[in-house]
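After this come two complexes, each holding subunit A, first together with subunit B and then together with subunit C.
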Partner chain A sequence: MLTNLLALLAVSGPILWLLRPHRWRHAGWLAAMAPAAVTAWLLGQLGPVSQGIALNEHYSWSQALGLALDLRLDGLGLFFGLIIAGMGTAIAVYAGYYFEKASTLGRFYALLFLFMASMLGLVWADNLLALFVFWEGTSITSYLLISFKLTDSNALEGARRALVVTGIGALAMLGGFVLLGQMAGTYSISGLLALPPSTFTGHALFAPMLGLVLLGAFTKSAQFPFHFWLPGAMAAPTPASAYLHSATMVKAGVYLLARLHPALAESPLWFWALFIVGGITMLLGAVIALRHYDLKAILAYATVSQLGVLVMLLAFDVKLATVAAAVGILAHALYKGPLFMVAGIVDHATGTRDIRKLAGLARSLPLVGAAAILAAISMAGLIPTFGFLAKELLLENFFALIESGQTQIGWAGLAATVISGALFVAYSLIIICEAFLRRKPALKAAKIEHAPSALFVLPVLVLTLVGAAIPFFLTAIENTLFAAPVAAITAAPAELHLALWHGWTPIFLTSLLAIALGVLLFTQRERVRKLFASGIQVSGARVFDGLVDGLYGLAGWSTRTLQGSSFPTQISIPLLAAAGFVIYAFSLNLVADLRIDWNAVPTFYEVVLPTLAIVATLAIARAQSRLSAIISLGLVGVVVLLIYVFFSAPDLALTQFLVEVLTLVLLVLVFYRIPHHAYPKQPKHRSMKYLLISLAVGVWGFGMALVAAGEPLFPLISDFFSLNATAAHGGNIVNVILVDFRGFDTLGEITVMVVAALGGYALLRASRMRPIEAEEDFEEPYDA
Partner chain B sequence: MPELYLALLDRILTPVLLLLAVVFLLAGHNAPGGGFIAGLVVATAFLMQILARGDSFVRKLIGIYLQPAMGVGLLIALLSALTGIGNNGVFFQGVWWKLSLGSFELEFGSPTTFDIGVFLVVSAFVTSYLLELSRPAEGAAR
Partner chain C sequence: MIALVFATLVAVLMASATYLLLQRNPVRMVIGLGLFTHAVNLLVFGTSVSHRGQPPIIVDKAAFSGDISQFVDPLPQALILTAIVISFGIVAFLIALLHRRNSLEAVESCTDRVDDPFAMEPAAALEAVDEDYEWLEDVVLKRELRKPKRTRR
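Right after this comes the complex of A and B.
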């Protein structure tokens, strides 16, 4: 069933694209059917999964390599799955109205649904390698969604940054997964979590493994110092930002941390890495958010901050922190998603997202205003919202730490929470008051060009109301919705007792303190903004761009140095390098191993053929015209072909013959294009140099042939092939190897061929395009 | 570039070469041959045509099919590799069917279709390079 759901989403996107949904005004509702079906099915699974019954699916596809597609729906997978599918349903409806008959809607749905399938696969995967594949799937679809507006250079830049940062992280994570798999002896996640944690924490390679895995999680979840890609990703269409870059994809890192929590969280290294990085990200995101005027930028940095909170909570190996993280994930999805969607509607209606140009939207767009204010007070964490509950749990965690004796960590966490909480309150108030309530904007007011229809606002309103309602039904849902993920993160059965109101506890008083500080910050907001704007601004994006430019510079330098000069020098470098190593190896001891039978009498062919080859080679060197050189080269090929014939390798001989014919003609065609003066006569000393290089390469080839003909260093595999060819229904071993025994290799090779064909096609075309460009340059002066 | 004697020769040689390619392709699993060799033979046949009738003639004839052929070939190869999963649960597991025609038995399997995919990719790949390289360079002296 899980696979069917993934396939349903992956297929329905392209089908929607083919249907050209922009022709219908209400296409969003049709699009929402697939994710709605997934959500409905997942809701039905809440009962059994919360009883601890996980759903497993196993598809083996390459036993020899130990590869299988394993899916597993447990508490954590279901919890994330509900967020992904539920939010996805709302976003699908919303996007239909957001794009409003733009013909790109179909492409957006195709990408969105592919993303949804990858993301669900990510949280359901029960195999580290499958998880990695789905993880990359989300990165690639995210890249395509950020760069959705292909003419926007900002969007392309942001997309590239996001892809490179998360891609580097993912590669590191793959390395970490391999180490993890080696330690556990299995790539199955459930198998790995069933082992005692000391298998990993006690291992000599624990620290490098942890570092690599954390790098993957931190880059994906935009943790400091990789947080810069997330605001850049806001160039995506708003439905994508609301979905990928606040509710789902950026939580993939958090998901991974939660998933591996039972195995790794015992180690102090895990604690300090997550606590410090999460803490810094939480404060940094909250501070930078105040610096911005763009609604989406404010929300993006607020998201960075919230992701920091979640990472920090997962540092702790206690149940309370885990509960806070689970509640925080859902609360954040249910207020930040709608806020992003509101930003999209405001942009859609007024043409701007600059908060300085907005005012009084609550009067002109009452429904949008109601949703925005409801979501923003949840972001601020005011009682009695879902956000308040999340913040209470966060504070409770630190109070419990102080009581249990870990006072320093507790106070540090408490202080950071109060500061970031105050900042959250401040910018929630800024959004509510400046955009929606005040009468006059700071700059020239933007007009409402066309008001959104009620159906456009409906998905936002529904999400906000669900978020607002949850705190009042806690007793009904706490053990079905939250207990299962908590149990999965802590690897112990959990029973929860959440409550909105605990009385006048120190926790509530601290919460009030944060709110009071936030209101104070809000009233002094202009001064605060000036203060923050004057601070040092190290732009992560600029550092990253510098690194990328440096990499390009290095590539350019190495290309110029190794391949910049004439063609003979270019090929001499790799050939000499190869020959040098082999000659060095011979000088050590391999010569002694060679068995040469000096008394053997060569046959007639063994004398004639090499002589012919040598004569032909000399003829190439002495040739006066290119054509005769090419023909002599062909003669060498024919000699090789004859050797294959005499040593009864018909397949090789056939291939050699055809390749020889084709290369001969290709050479003629290529040389035909090169003007004659490109090859002046070489001075004597240069000819000598090339001769010496050729001799060294000849020695290398000869040595290799001798070793290959001698005693095999390793047991030969050819016996296996000849014994099993008949079992593989084939009489021609070469062909059976190509298409059966080593079919995987062949598949890789023909894929490379297709890629090379496209690349070569582009290159050969590019040389023909140059004259056209020159003409365009020529026209420029007229424009100026 | 068209040459008279080549134009006469290729009328005989091209069909022979193409037929030979089919034989190599289908007999390749048991006798010398196979998709790779058959692909090269097809490329040689088109090379004859290019030399005899000029590149633009051949381009008009088959140019638009080359890139699709590569894609289709890759797809066929991938699908043949996937049939193993459908049948035995293992990627790339060979699946064979026997076709009895009286006393004559024809064996046909997923490795055969895989080879057809290889054939399509190789023939289209080499032919497209031949075509691009034989296109007369603009402004070059003839």
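Right after this comes the complex of A and C.
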């Protein structure tokens, strides 16, 4: 069933594209049917899954390679699946009205549904490698959605940044997965989680594995210092921003952390990495959000901050923190998604998202205003919203830590939460008051040119109301909705007792303190903004662009240096590099390890012949006429041939003989036709340089020959060939190797010969034709 | 001892081959390539010279006892056989290329070359390279001057 659902989504997107949905005014409702069906089915699974019954599916693909598609619907997968499919339904409806009659709607749906399928696959995958594939699927669809407006260079740059950052992270993560799989002996996630955690934490490679996996999770979830890609991704159409970059895809990193939590969270390394990175991200995102005036930018940085909170919560290996994380994930999806959608509607209606140009939208767009205010109150964490519940749990976690003796961590977390909570309150109020309530905007007001229809606002309202209603039905849903994911993260059955109101506890008082601070910040917002504007602005995006440009520069420089010059320079570099390695190896005194049989004495001829070859070679180098050089080359060839004869290689001798004769004939034939040019003498310094390079290459050859002459360091395959030659019905072992054991090599050899022959034939044919006299036929295009 | 003889031969062949490859004269480059081939083949062959033996040919297949210690190592021979043939193909192709170049009336001048796609400042990058090709221009110019006297075959 899970696979069918994935297939349904993956197929329905392209089908929608073919139907050209922009022709119908209410196409969104048709599009929403597929995700709605998925949501309905998932809601039906809530009962059994919360009882602890997980749904497993296994599709075998290549048994020999151990490749299979394993899907598993457990508490965590269902929780995320509900958010993905439920939000997806709302977004599908919303996008239909957002794009109106734009013909790109079909493409958008195709990408959106492909994304939805990858994202659901990601949270349902029960195999690390399958998870990676789906993970990359979300990266690619996200890239295509960010760069959806192909003419917008900002969008293209933002998309590239997002893809490169998450792609690098994903590659690192794949490395981490391989290590993880090697440690566990299985790539199955459920199999891996069933092992005792000490399998991983006690392993020598635990730290590198953790680092790689965390790199993947942190880049995907926009954690510091990789947070910069997320605001850049806001160039995507708003439905995509609301869906991918606040509710679902950016939570993939959080999902991975939650998924691997039972196996890895025992380690202090895990705790400190998540606590510190999550804490910094939380504060940084909240602070930067105040600096911006673009509604989407504010929301983007607020999202970064919220992701930091979630990562920080997953650092703890206690149930309370896990509950806070689960509630936080759902609460965030249910207020940030609608807020993004509101930003899209406002943009749609007024043509701007700059809050300085907006005012009084609550009066002119009452429905939108109501949804926005409800969602923003939840973002601020005011009682009695879902956001309040999430913040209470967060604070409760730190109070519990202080009580249990981990005071420093507890106080640090508490302080960070209060500061970021105050900032959350401040910009929630900024959005509510500046955009929706105040009468006069700071800059020239934008008019409402295009009021949204009620149906456009409906999905936003529904999501907001669901978010607002959940705190009042906690007892009814806490154990069906939240207990299962909590149990999956902590790997222990969980029973929850959530409540909105605990009385005047220290937790509530701290919450009030944060709200008071937030209101103070809000009243002083102009000063705060000025302060932030004057501060140093280190932009991660700029650093990243610098790195990318630097990489291009390096590639250009190395290509110019290594390959941009004349042929002699180009071949000198690799030859010298090879020579350098051998000379270095000799300096390590490897000669003693060569195991050369020094007693193998050559016969008289075997000394005379090489000497002859050496003399002939030197004669070539110094030859004044071409003919003498060619003859000397022939002499060297004959010596090589005789060496083959003396050392029992008759096949080589025969072949060498044929080839030598042919080469000589060719050389003489062709060079007889080529007129002799007096090439100018090389300058003295260049001759010397070439001589030195040649000597270095000679040393290289000498070293390599000595290594080759030594006893082999490992068993050879030759004996296998020799022993089995008769089985291949051949007596000549060399021939059997060529035509039988290594037949494909010979096929390659023949191919090379055919290509060379065809090329040579074409060249010789071409030389009969007269070249076109290009210069003379050329007419001057302008008058002089 | 035999290893030393082989190593010296390989070293001299390689050094001379490199020196010839670095020259401007295309004839010398082709000869250099031929020498390099010999050097590399001998290098590979050197792995099998310290154990002497019979050529790796089983004369009587029916009576073959499985005693392979009498043979020299056949694998380097198989490798070299392939290498000889392929390098002959390359040398033959190179010779055809030279022939073609010669048969063209005008050797392309270096300014006609496609620009280096990685060059930051194309002009400056070309200038640095031009120095290496000045001789080629000389050759072309001289040939242009000689043109009327030359008879075509």
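Quick notes
Rule of thumb we're sticking to: the second predicted complex is superposed on the first by the 565 of 784 C-alpha atoms of A that agree within 3 Å, B and C clash if a C-alpha of one lies under 4 Å from a C-alpha of the other, contacts with A are read in each partner's own complex, and residues count from 1 in each chain.
Convention: a residue touches a chain if its C-beta (ideal position, glycine included) is under 8 Å from a C-beta of that chain, and two chains touch if they have at least 3 such contacts.
Just so you know, these numbers come straight off a predicted model, no measurement behind them.
Of the two partner chains placed around the shared chain by superposition, subunit C is the only one that A:618 touches, whereas subunit B remains out of contact. In the overlay built on the shared chain, the residue A:63 is in contact with subunit B alone; subunit C does not reach it.
Shared-chain residue A:721: touches subunit C; no touch with subunit B.
In the superposition on chain A, A:382 contacts neither subunit B nor subunit C.
In the superposed model, A:610 lies in contact with subunit C only, and not with subunit B. Shared-chain residue A:734: touches subunit B and subunit C both.
Of the two partner chains placed by superposition, subunit B and subunit C are both touched by A:655.
Comparing subunit C and subunit B on the residues of subunit A they touch gives the larger count to C.
Applying the stated contact rule after C-alpha superposition, one finds that A:706 touches subunit C and leaves subunit B untouched. Of the two partner chains placed around the shared chain by superposition, subunit C is the only one that A:698 touches, whereas subunit B remains out of contact.
Residues 650-651, 655, 659, 662, 666, 670, 673, 675, 731-732, 734, 738, 746, 753, 756-757, 760, 764, 771 of subunit A lie at the contact with subunit B in one complex and at the contact with subunit C in the other. Within the complex formed with subunit A, the subunit C residues making contact are 1-3, 5-25, 27-28, 30-31, 34-35, 38-39, 41-50, 52-59, 61, 64, 66, 68, 71-75, 77-78, 80-82, 84-86, 88-93, 95-100, 102-106, 116, 118-120, 125, 128-129, 132-133, 135, 138-139, 142-143, 150, 153. Residues of subunit B touching subunit A in their complex: 24, 28-37, 40-41, 43-44, 47, 51, 67, 70-71, 73-74, 77-78, 81, 85, 89-92, 94, 96, 107, 109, 111-112, 114-115, 117-118, 121-122, 124-126, 128-130, 132-135, 137-141. Interface residues of subunit A, counted against subunit B in their complex, comprise 59-64, 67, 650-651, 654-655, 658-659, 661-662, 665-666, 669-670, 673, 675, 728-732, 734-736, 738-740, 743-744, 746-747, 750-751, 753-754, 756-758, 760-761, 764-765, 768, 771. Touching subunit C in their complex are the following residues of subunit A: 553, 555-556, 559-560, 564-566, 568-569, 571-572, 575, 596-602, 606-607, 610, 613-614, 617-618, 620-621, 626, 629-630, 633, 636-637, 640, 643-644, 647-652, 655-656, 659, 662-663, 666-667, 670-671, 673-675, 677, 679-680, 682, 690-691, 693-695, 697-706, 708-712, 716-719, 721-723, 725-726, 731-734, 737-738, 742, 745-746, 749, 752-753, 755-757, 759-760, 763-764, 766-767, 770-771, 773, 775.
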